[in-house]
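Okay, so chain A shows up in both of these, paired with chain B first and chain C after.
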Partner chain A sequence: MTAVDVAAPAQASTVKTGRFVYIASVFLLCAWVLVPLYFLLINTLSSPEAVTSFPKSFVPEFNLGSLEFFWNFSGILNAIKNSVIVAVLTMIISIAVGAPAGYALSRFDFRGRELFRLLILLTRAFPLPLLALPRAVMFIRSGLDDTVFGLALVHATLAIPFAVLITFSLFSGIPLELEEAAWTLGCDRLTAFRKVVLPLILPGITASAIFAFVISWNEVFAAAVLTIENRTLTAFLLASLAESPLYLKFAGGFILVVPALIFIFAVRKYLFAMWGIANR
Partner chain B sequence: MTYSRTLTGAVAGLALLMTGTVVSAETLFWSTQARPAEERQAMRDGVLDKFGSEVDYQPNENGPWLTRLQAELKANDGTIGLLGGLHGELAALSADDLVDLDTLGLSADSGTFNELAKLGAENMQYIPWMQASYIMAANKKALEHLPEGADINALTYDQLIEWAANVHEAEGRPKFGFPAGPKGLKHRFFQGYLYPSYTDGVVRTFASDKAVTAWEKFRELWEHTNPASTNFSFLQEQLLSEDVWIAFDHTSRLAQAFNERPDDFVAFPAPAGPEGRGFMPVLAGIAIPRTAPDMDAAKSLVAYLLEPETQIATLKATNFFPVVAVELPDDLPPAVKASGEAIAKMSSAPDANPGLLPAGLGDMGGDFNRVFVDTFERIVLAGQPIERVLEDQKRRLATIMERSGAPCWAPDAPSDGPCPVE
Partner chain C sequence: MAQIEIKGVAKQFGSYQALHSINLSISDQEFMVLLGASGCGKTTLLRIVAGLETPTEGEVWIGDRRVDHLPPRDRGIAMVFQNYAVFPHLTVFENIGFGLRMAKVSNDEVKRRVERNAELMHIEQLLARYSGELSGGQRQRVAVARALAMEPDVILMDEPLSNLDALLRLEMRAELKGVLAESKTTAIYVTHDQVEAMSLADRISVMHQGRIVQSATPVEVYRNPAEHFVAGFIGNPPMNFLSAVPEGAGRYRVADKVLDGPNGASEPLVFAIRPEDLTLSNDGFAATVKIVEPLGPHLLATCDVAGTMFRAILDSDMTVKHGDKLTLAPQDGRVRWFDPESQRAVA
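Right, the complex of A and B next:
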């Protein structure tokens, strides 16, 4: 960091350097996320020849050939629909189960509380391929096999530990006194929760919902084993993409990324609200 | 607040989603082959669409493929109608779980393939479906660096090394490419090409003096190999991007290069060593699990896939060659023409030394491959002394052979009982 050494003596220039470093790091962080996405976009919109050539142009040539291939790829629209349904269900289930568990962990003192917290993490200790076989057998026997709901259950078990831990720390950050004050003013436990605590933790809930969404969106193995007709996008595309030519890899990757990006954009204001809490 | 309404909506939605799977008349074709997006689409649109009834072609990675199948077998309730996989993948299944297919009266032209398809049992457990092989491919720019007097269709390993060295020197960068990536098929090169060419065996000769020479030669070749090869799994990509000028790989993993720029590349046979020109086929088969929901539909699909026209359509879709006698049309894609000619030259070469696929290993096929991959990594990547590594790995190999009880296969001399590691 030569810039810092040179600018050290005068205070004004220190501030300036600080600003410079600040802006540079913001710029770097943005580039870290955006540049790969931008290259993904360029290559998606390039002809196969342009994808393998070097150096790359920074302006896409708007060749829609690769995207068109996927547009005509039988079953892809259905797979996108399934992916969205499974992800939304996963979100609902993991919040519905995870948030009360997080609340209980932070507010009530019960026997085995620490053990319980550990056990929740343990559900992530076993690799999915190991669990997939008995699960698939169970699903086939119970009729849950090849339904989006069945798959959402599996994804929810993956997402719940995170939901519990995130909401646990959120609830712990909200003083019990706030709730007690509400009780003294005539709220019962439920209304106090709804009117006082819930608005405060909503951003946190959104964060864990996004987590659940992304976990479900990215999960391949269980989806590939447990669904056949109702495949999710990831299961549908990933096995094919790994061995496809480069230009289809880019286009397929683009298709996998875009819906998740749209979702995150749609809920981003709740996330920013959460950072607002953290600053207070 | 409308909590109750939201809740009712959610419950209703769930109930709707849970209303079980619709029983369909489609036959589910559960395969590990033709996975790349274009091949999969071609299988659906060019091959299976002309079969009388609906077929749902679903290619999968090996892991989910096997797990799903095992789950259905265990639950005794299946949706998979037809299995497609490589010989090694089908061999890992128990013969009891596959339906005997002799009654169909179908078989491949090659008696060896039909014998392999019995998986050590009395009857055909799968029907050979399609075949491929491994060949060499080169960018035409590399041809001027061929060693003097070398015939590209009758190269020796020494000439290949010299050629790669010439290109290395001229270009200042190593330009030989080898599929040593995580998904690369490197182990097949050792089992079917390097070992047979240098030792006239695979298992018996694993740690012989000749094997030491083979690994020494491969080390020499590695000096002129693009070091990024440990990331290469589909050499067509590196041929097209020109990171590599000379390459060894599976025919269908080179196909895109020939199809996109047919005038820029040549295909040619694998090189020969002191014991001949070793090479190995790739065999894929189709089988019916005992839990198939509609046995008759599955069987007629098998028969359909073995028809000559279907076999040609499959060749165009996947770059895998027919297993029955067919008359090849003229309008084949460039990759099929190029690789077909290279394979023909390879198998008709006077010094041809064809090997067979490992057989009788059952579910230890993966461990068997592991031995060769580990040996490669230790000798070539880690630079450990060849004799010591071979001595170590020899013990592992011997254990695998004894546990599986697999007898020797060509080019190893036949054995009574498990193939010995000498």
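Right, the complex of A and C next:
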């Protein structure tokens, strides 16, 4: 009984320490993400003088000068439009190509299947310049250079591996028996897919589409190399902000980050579903 | 009319021969059970009939149509799967009505048939639920109702009760038998559970290593196993075996006793007897009791007869213990003989 008496407080203190470590980790992780975002926010909303001054205020001034400047900056609206078009195209291409590949990988046993899976990952092993520069040459020859479609093709190559692997795991999570049951109940392969599989994986497909969108939205290198007139927001800001004052850089960063954040936040439920965390 | 003819069906997976030229006819409204251990090919055969697997060779006929080249939806079958396969994104109502909707049946008729079959399976109060809100037994009921609602010529069931707990399985077994007899559907039912097979089947096909070794009524399979394998597979505990040496004129020496056996065989045979077909007498096999298991209705004694394990089912009020000597006599007419070469029964 003395053993019990001794063990109890020891256990309690272990639990306490564990809890402390847990809370501290959560706090650190949140800070890791939120602090830079917070600084971005206050600097964007500060007057140019406040951005360069020291010490900093932790309360934003709500000075919209920098943002207003951007809004009126020539070409910015066009760049945002280009970014959205390229991202949407990337989304469509990567799902249109990636989802059938994911389905085939999960449902059919074909020769070279494992090799194919490996090759998909290998496409990400090449540094982007290696892909983008030859393509720039190819695109110039074929007239695809400086078009949103050409850029969407490059972004799709980046997004497709993810789309394939994500949809592969989505399809694998749906028992084949469900499809077979549908076949015996009067469906052909296509209607079974439409009536049974599609409704079940739609949240996951949405998530992987959003993922493709964000990959495209954030991509800067290929966008900078392959477009001149039809720049996306990232490429446009990269070109224009290199020589800009600090407060404009903050505002530019803010404009880039916020849409991606809003988008991810809006579909967070599906992103959890994508990583297989039950969320109902 | 939906009799089923399986003619010379074989299936090969790579270099593995899953089925060896199966021939089987199932008559209209018959309840056929495919029984065998896992890996014997019973599920493969069922899936070939369903159209979920294509045979490497052979023909499958349902009614007077050859169906082996048709997709599952054109075969007039419905199937109940081992894991229920209830669609998680649809309500119970829409699950049961799924096939009817695909067949473009009118709304009123869908409603009528869904409700009737739900009632039959006692799930009429669950129609608005999703499968996530159902227990295993309820899901199984939905799966059966969904199959029945199609009013198929043939209903195929792949171990439909194996995921249920023991009590529920008993209940569902009896219910299934009643419902299927009512529906007048031809049924093929796959199971590895011999009690399930015995209780449900009009006829049992025992499968072993990709072959059907015996197709007969449950009683026939139990009483007259056609092969050594069947004798050792059916029955719990299975038959006892002893080697039999011919003594001439149809007489055989089994252990230390000489018995009448099949005429004309001059080669050694295998003698087989069911544990419950043994009686205590003063003229029989000398048995030494090794293990005594009182099972309630009777008592199972595992003994040693001439160095071979030998089980006997005795009255539950008998008092036997380890080391006791018993004399066990086989009942007339219950002895079976097998050829050790061909494994087949010898008459």
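General remarks:
Simple rule for what comes next: the second predicted complex is superposed on the first by the 217 of 280 C-alpha atoms of A that agree within 3 Å, B and C clash if a C-alpha of one lies under 4 Å from a C-alpha of the other, contacts with A are read in each partner's own complex, and residues count from 1 in each chain.
In this text, contacts are C-beta pairs under 8 Å (C-beta built on N, C-alpha and C of every residue); 3 or more make two chains touch, one makes a residue touch a chain.
Predicted model, so just to flag it, every value in this text is computed and none were measured.
In the three-chain model built by superposing on chain A, chain B and chain C fit together without any clash.
Contact with neither chain B nor chain C is seen for A:F62 once the two complexes are overlaid on the shared chain. Using the contact criterion defined above for the overlaid structures, shared-chain residue A:L200 touches chain C, although it does not reach chain B. Of the two partner chains placed by superposition, only chain B is touched by A:V137; chain C is not. With both structures placed on the common chain, the touch criterion links A:L185 to chain C but leaves chain B unconnected. In the superposed model, A:E177 lies in contact with chain C only, and not with chain B. Taking chain A as the reference chain, the count of touched residues is higher for B when chain B and chain C are set side by side.
Closest approach of chain B to chain C, taken over C-alpha atoms in the A-based superposition, is 15 Å.
No residue of chain A is contacted both by chain B in one complex and by chain C in the other.
Of all residues in chain A, only 48-49, 52-54, 69-70, 72-74, 85, 89, 92, 129, 132-133, 136-137, 139-141, 143-149, 221, 224-225, 228-231, 235, 237, 239-246, 248, 252 touch chain B in the complex they form. Those residues of chain A that touch chain C in the complex are listed here as 175, 177-178, 180-188, 191, 195-196, 199-200. Interface residues of chain B facing chain A in the complex, by the touch rule stated above, are 10, 14, 17-18, 20-22, 24, 28, 35-38, 40-41, 44, 56, 58-61, 63-64, 67-68, 70-72, 74-75, 77, 79, 183, 234, 236-237, 240-241, 256, 260. Looking at the complex, you find that chain C touches chain A at residues 50-52, 71-73, 77-79, 81-83, 85, 87-89, 98-99, 102-103, 146, 150, 156.
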